[in-house]
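Read through the structures below before going on.
What follows is chain A paired twice: with chain B in the first complex and chain C in the second.
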Partner chain A sequence: MTEEKSTPAADNDSPEASEPAVDTSSAKPSPAKKAPAKPPVAKRAASDAEITRRGLFSWAAVAWVGFTAAIGGCMTAFGRFMFPNVLFEPPTSFKVGQPEDFPPGVVDERFKESYGVWIVNNEGQLTALIAICTHLGCPPAWLEAQNKFKCPCHGSGYYKSGINFEGPTPRPLERARISIDPDDGQILVDKAQKYLWEQGQWDDPSSYLEVS
Partner chain B sequence: MDALKSFINTLSYPWFSFTLSLVLFVAVVKLKKLWTHAGGWLMLALITVFFCGSMLDENFRSVVAKPDNVPIVMMVYLTGYFWWLAMYKGIKNDQAIEAGAPTFEKSESEDKVFTWPDLVFSELICMVVLTVGMVVWSIVLKAPLEEPANLSVAPNPSKAPWYFLGLQEMLVYFDPWMAGVVLPGLIIVGLMAIPYIDTNPKGNGYYTFKERKSEIFLFLFGYIVLWVQLIVIGTFLRGPNWNFFGPYEFWDINKIEPLVNIDLSEIIWIKLLGVGLPSHWLPREIFGIILMIGYFVVLPVAMSKMKYFKRFYDEMGGPRFYTGATLFLTMMLLPIKMYARWVFNLKYIVHIQEFFFNI
Partner chain C sequence: MKQLQDLQKAIVKSQIWKSIFRVGIPTDNRKRALAMLGNVVLHLHPIKVKKSGLRMSYTWCMGGTAFFLFLVETITGLLLMFYYRPTVEYAYFDMVDLREVAAFGIMRELHRWAAHAMVIAVWLHMFRVFMTGSYKPPREFNWNVGVILLVLTLLLSFTGYLLPWDQLAVWAITVGSNMARATPLLGAEGPGAAFLTLGGEKLIHVGSDARFGLIAGRTIGGGTLIRFYVLHCLGIPFVAACLMAVHFWRVRKDGGISGPV
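Up next, the complex of A and B:
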């Protein structure tokens, strides 16, 4: 047994024959001295199972690439799933009617359900307040009798202007962009652009309309 | 009867009821007579008489008998029972230890019983009773179905699941980032940290009260007063617009409760100093920031020198003591902020809305 195995090992690479040449040229005695002791053991295992070290690694590489590709494909499909083909959302930009439809001091709730905004005519300014509480995102309710917006979730309260005055909310309601459509004179609200009080954006002329 | 009802209504308003519950909590824990069989029956009778008597009131019944709220009534009874059981056994053991006798657990574990049939039979009976209970419950009390969901309408009041009502109550007093993320995270981290902070081996494997008074008191305060009680308040006493209602009060959607809140910066700069708010956030909020640094940095160091906390510091060592003290002070921030809201209408101690940092 031992004789048979030692012969192919010597035939394949013949480490003993090549070693003196390596030894003299590279001038590194220590690895060369260790080398002759080990090869017979490694070669014996390789010839036994008919699998070389290189063969094993190439199979592992194929398997690994396949595995990665499968996972990557799944993740790509999953990522694509996050962006639906059709979104059933109302348009962010919409017309709400003529400025005369909103008399002074009135909070118009007609567009809360369809577009999520109140049109408020307060102190000569017509604004579109977004009906989402700035505390944790519940829809507040307009309480006509108390002249305030009040959130049912944690009790945040806002004045008619949208400024917060009670409860835990840290900042006022947000305004949407509001303008007059030049073609038919209707009010055009664009929810895609928001104006935040705490960043001084309520002074922006496109965040309100001057009305008499 | 009406006078009694309106008295209880007034008493249950947070500033009264919270103070009352603090006093009661301390008294109840200290009163040894309550943690006996007689005391247990007495407390059970009192709670039951209160619930049954109050059910005659229409407003009380409409809230408490709601299918959603039935688990809270059970929770009140269960919490009370386990609280009593632990205290009862603890005090019994204290007396035994004092008399030099073995503890209840030690004498109990000396006679052994078989898994089969003793344990498995009790488990079987529990399983059958529990299953029957759940089936009857699910048939008798229907799950409340409401109208189809609508993005622009929230039910009024909008309540979280009952086990989160303590969190929802915290959200009334704190910024969502604090009450929704930081504090709940610290509750979990803090509970996990207990075995590493409190390495005192006393009370391991047996009930005791005398040997660990401070620890039991602290834990019960956090659990009973700051968690269970907030759930009860959130379930029974919070009505439309998240306003506060007494137990016999009609849930009037138009109830007006003036709650204009102001920040600490506004109290100091406008009310006390009489000058306007500085425009930059750093000078504006400097007092609140100093207060918070004092609370979380200076106070733990001062505590380590105080007589009462000194022995904990000596026992636990620096790192353990400061971790424990920071968690303790964070917990105490909740009652402090609640009182500040009720007494001074305080909204935020530090309110930097420029980058959403509010305490």
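Up next, the complex of A and C:
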């Protein structure tokens, strides 16, 4: 007890120098009765005395930088964890059959369920319209009797060509890239590449196939 | 009769009793206050309540109602969790079974109606606080906590909406989550996202933006269901409960329930 009280007092006298603390600690073992218990206490007192004011600040800076880096690393890992590496979604590129399978005027709904596109043969052009309403993303339905696409969510309507004419939607449906596979002559649709009417992209030859 | 009184005396003087009720029967105001402060359940209630705080026409009791409905949601929601499995395969049928097969099938209905009521109660609470001017200093901080709690309530409602996994749920969340596309910087179609590129590659696209992280894919699917389930049952309620504690604490510290300070 008495030593612990005496060493801080030495600190106050000369905080920079460690000698007084060392001196007291080395001087202490002279009372021989509690010799084995003393060295650890004396060591701790000596090392405490070595911490200077400047040293404390630099250690605190290291500690804070380390702490911030650790928290930042954790947060980055947690954020990245929420983005899966593998998606179990249908492929964006797929084949739909021969051009002859789509006679003039047809709106083919066979691939809407699996891939989310209609294959439309309209006025000599074969197009792949993406079956997502351009208003808020619901799936419109093809109404054969009324010759239009109609969205059940908010009533947006589109002509067979995909051009909007009623309801809240601000723009036409989007086209997917469409081409002929040179190997087997099948139609190849790639949803990763979209063509927007309002940006003049429907003139792009990759957005339609010329059919008779 | 004598034996009964002795028994009562023995119980009240026992160490167990004294360890729970430290003050004893309060006989004066000071001891009554101490009894309130020394008891974890009683201290939740303020020692003194202003007369205006008791007037229904003044407070509408909408804050208390919202909290009560939160407790109803917690308890009924906990019960629903014993049956509901958040997978594409089971979610809808578990929801139907909760109504048709489970005993007290009203639990799902209670959960649903209390959810609607809670959203309404929180809005009315906000309206009342605004009309009584209770957002003014020193309560402005608590108003902000309340706004966050309002947003959390709406998010709870939004995440819970997907869980029945019927047509209405899926398409409502499709429409709702499309808003995340327009997140500034972090949404693929949001302002500023086009500037975030690395070596010509877009950093923010449909496979890496805020919406993708929210729904775990490019379209609503099984990943979205489990993600919304965890947020609905654990994430948002935990944050909301913490903020509610802060909210109620500040109500007390800022001069009690509404009324002039």
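By definition in this document, the second predicted complex is superposed on the first by the 157 of 212 C-alpha atoms of A that agree within 3 Å, B and C clash if a C-alpha of one lies under 4 Å from a C-alpha of the other, contacts with A are read in each partner's own complex, and residues count from 1 in each chain.
The rule is short, and it goes like this: a contact is a pair of C-beta atoms (placed from the backbone, for glycine too) under 8 Å apart; a residue touches a chain by one contact, two chains touch by 3 or more.
Everything numeric in this text was worked out from a predicted model, so none of it was measured.
**Student:** Check whether A:113 is in contact with chain B, with chain C, with both or with neither, and answer first, second, both or neither.
**Tutor:** first
**Student:** So, A:153: does it touch chain B (first), chain C (second), both, or neither?
**Tutor:** In the superposition, A:153 touches chain B and chain C alike.
**Student:** Once the shared chain is lined up, is A:77 touching chain B (first), chain C (second), both, or neither of them?
**Tutor:** neither
**Student:** By the touch definition at the top of the document, which applies to A:165: first (chain B), second (chain C), both, or neither?
**Tutor:** After superposing on A, A:165 lies in contact with chain B but is clear of chain C.
**Student:** Counting residues of chain A touched by each partner, does chain B or chain C come out ahead?
**Tutor:** Residues of chain A touched, chain B against chain C: more for B.
**Student:** Could you tell me if A:138 is touching chain B, chain C, both of them or neither one (first, second, both, neither)?
**Tutor:** A:138 sits against chain B and chain C alike.
**Student:** Of the two partner chains, chain B (first) and chain C (second), which one does A:86 touch, if any: first, second, both, or neither?
**Tutor:** After superposition on chain A, A:86 lies in contact with neither partner.
**Student:** Please write out, lowest number first, the residues of chain A touched by both chain B and chain C across the two complexes.
**Tutor:** 136, 138-139, 153
**Student:** Enumerate the contact residues on chain A facing chain C in the complex.
**Tutor:** 79, 82-84, 87-89, 136-139, 153
**Student:** Please give the residue numbers of chain B that touch chain A in the complex, ascending.
**Tutor:** 150-158, 168, 171-176, 179-180, 240-243, 254, 256, 258-261, 347-348, 351, 353-354, 356, 358
**Student:** Which bits of chain C are touching chain A when the two form their complex?
**Tutor:** Contacts found on chain C: 171, 174-175, 178, 207-208, 212-213, 216-219, 221-223.
**Student:** Within the complex, which stretch of chain A touches chain B?
**Tutor:** Touching chain B: residues 112-113, 116, 131, 135-136, 138-139, 141, 143, 145-146, 150-155, 157, 165-168, 170-171, 198-199 of chain A.
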